[in-house]
Amino acid sequence: MPEILSVQHISHIYSAGTPFERAAIKDISLSLQEGEFVGLIGHTGSGKSTLVQHLNGLLKPTSGRVLVDGQDIHASKEATRAARFKVGLVFQYPEYQLFEETVYKDIAFGPRNMKLDEAEIDRRVRAAAAQVGLSEDLLEVSPFDLSGGQKRRVAIAGVFAMEPRLLVLDEPMAGLDPVGREEIIRCIVNYRETTGATILFVTHSMEDAARIADRLIVLNQGEVLMEGTPGEVFARSEELLQAGLDIPTVTRLFMTLKSRGLPLSDAVYTVEQAMDEILRLKEGR
Amino acid sequence: MLRDITLGQFFPGTSLLHRLDPRAKLVSVVLFVASLFISKSFWGYGLCILFLAWCIRISGISPKMILKSLKPLVIILCFTGILNMFYTPGEVLARFWIFKITREGIYTAAYMILRIVLLIAATSMLTYTTSPIALTDAIERLLNPLKKIHVPVHEFAMMMTIALRFIPTLIEETDKIMSAQKARGADFETGGIIDKAKALVPILVPLFVSAFRRADELATAMECRLYHGGEGRTRLNTLVMTGRDYAALGFMGVFCLLVIYAERLVSILL
Amino acid sequence: MEARAILSAEGLTFRYPTEEGHEEHAALDAVNIAVEKGEFVAVLGHNGSGKSTFAKHLNAILLPTGGAVYIDNMDTRDENLLLAIRETCGMVFQNPDNQIVATVVEEDVAFAPENMGIAPAEIRERVDRCLEIVGMSDFKRHAPHLLSGGQKQRIAIAGVLAMEPSILVMDEPTAMLDPSGRREVMHTIGQLNREKGITVVLITHHMDEAAQAGRVIVMSDGKVAMEGTPEAVFARVDEIRDLALLPPQTVDLLHRLNKAGYDLPLDTLSVEACADVLETFLRQ
């Protein structure tokens, strides 16, 4: 698998040279392979939002390099612009950036900025709308007349329509109820299945991250605290708790049972796994 | 970045200037500015410079900050200076092509520049040592008598307070929206004036939508916290004029007279 | 007449106004809810279930189109009682940013008492006390926009507490917060209820938050769908799922084990209680 993104020792210092100087991220290195589905976890202030804005060149690292397809995104103005189209970034509460008169025009904003021809724009808008489950008749409606969950899906479709090969989402499920969260997860999975894109999604919910990602990266205080498969990460639950992260209830339950001397696996993070583990112990005896 | 813009910047501190009642400070600045405009002598301006230098010293604010507040005015200062220098009629000192510099011209130019510099420096001292909220309070109190003729003083002050509260929030929001639209390939840098104006639409529409939503929610929250206008409203921190404040005002009065009559006083003394 | 509960909705019906000829489907449909003094009640439901519309009726932001709401025996439709109702029933909203009025924390907490025309010395006392209760005394002179989400929301709570309300209604106060902010706010709410005896109505879609309440009301389609102690309500796993909510993982796990043929009690919500049940089960 070729490497699509390589972050090499980047640091970002805000208000450098003033009394308010503060390092948001410190010497972070990470690498994403084509087609991976990665969850980036950290609480507020861990630097995760600063980090993602480096991935498409919105922020320039104080030191270090970001390579997309092996090319430094700050090598030239053209390289930065190219990176912006290869790496799609969905911000937190993206529904607040909607501005067009119709859903169609709003989704078309990105593709239009890419200077694509009308036929291609039309194809992309319709494809993106389908990926987020918006019906055709909603395309001519004003985005401001939609429900909260629909607005968010329109905003996400606006980034899908740019067909980025690396899709980065910052807290895409924030503030939604369980139904809304499921819908957003479905959109992301759809996009990945139809385009084969690489996904990096940022969340503070361990539960969501563990459920859909193949690999997790945990940030704490601007540094990478741990990295690995969900199983490997949750096996270090104590450290996660110390970093102020919320671990799934079942993981906590299993930690408690283990501390009482029951021979259970410590890498349990879904109810299904918990079920299997308990039945294994019960019926395997 | 937008975040770096500071509006009515305030440097918290505990100096005498910080501790004075904002009303006393506001009136003092008005008196200072008035005497600047009335005074016609270098002696008066000399006094003003000395006084301001003393204020800056005791406030503990770095003189660099005062210079910074003058920076945006450099062009206006130069313009005023040059205009006055060349276009004031009087005794000609030098002449080239169609321009002539007169003695009176040099004097007026110096006066004008000094006047603007002192004016800006004095008002900066006020905003540097007084929190915006205290300043709003002071304006509300000072304008209170106008309520009798149905001027909505309280409402204006409340609007000021809310504006001050939401400026940082909206700046942050603008920053976020700009980044988000940039991530969608929006280009704010290239193109002509019309392109640039068009590029603002994707920022301004979401910003207005959000500002209206915030206003609506804030209004509900305020009503839920029993807000019903200025009537019968009390304050947590009531402004109290102490002996120190009256002394400061008295001193300012004397200072004004000194500045205005400086020339006459000097001629009597010498 | 039988004594009314401190908060009582009787046959509460609400339809949002619509264009002529359109009969809007009722956002609240003959809802009967009574909350006794000192209770901690969580109102659960997915988006559009009517839970937020219900909350907005509790201090007359919305007025019923049918039925009535009584706060400490005051009818919310009586305009003369508006201020008294809002003083009795304080309200905290979802977005902490949009409910903070002043540029200094203590000035913001003082906002409601100032509106009540209370003497400055007493306001000072209330402000200090309320900031102490929410654990934000150290931030008295801070600018609110520099605080974290959880801290801002605690300031908003202090601002409402300064009215000395007997009921606190929270409309999804943690929806915009991260896990540590949520923990801070939930801790504060629990403390207010237990130690200060304040009646709390918490609107939420988080099961783990609802689990901390004394009673849970699940709303769906403008009606009360389920009601009871958290243990009793969450044990009805299938119904919870049908109402588009997620059961807590502890109960979910026990429920699945039951389906697999093991007989385990479903009323163990907390991790500790559930661990007890599982430990006994596994050691049998």
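We call the chains A, B and C, going by the order they appear; numbering starts again at 1 in every chain.
Convention: a residue touches a chain if its C-beta (ideal position, glycine included) is under 8 Å from a C-beta of that chain, and two chains touch if they have at least 3 such contacts.
Computed from a predicted model, the values in this text were never measured in an experiment.
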item: Smallest number of contact steps required from chain A to reach chain C; value: 1
item: Pair with more cross-chain C-beta pairs in contact, given B-C and A-B; value: B-C
item: Greatest separation from chain C - chain, by CA centre; value: B
item: Length of the line joining the C-alpha centres of chain A and chain C, rounded to whole Å; value: 31
item: Between chain A and chain B, centroid-to-centroid distance (C-alpha), Å; value: 45
item: Chain C-facing residues of chain B, complex; value: 131-133, 161-162, 164-165, 168-169, 172, 213-214, 217-218, 220-228, 232-238
item: Residue ranges of chain A in contact with chain B within the complex; value: 53, 56, 58, 81, 84-85, 88-89, 91, 94, 96-99, 109-110, 113-114, 144, 158-159, 162
item: Complex interface listing, chain A residues touching chain C; value: 43-45, 147-149, 174-180, 204-205, 244-246, 248-250, 252-253, 256-257, 260, 262, 271, 274-275, 278-279, 281-282
item: In the complex with chain A, residue positions of chain B that touch it; value: 173, 176-177, 179-187, 201-202, 205-206, 209-210
item: Complex interface listing, chain C residues touching chain B; value: 59, 61, 83, 86-87, 90-91, 93, 95, 97-104, 106-107, 110-120, 123-124, 127, 143-145, 159-160, 163
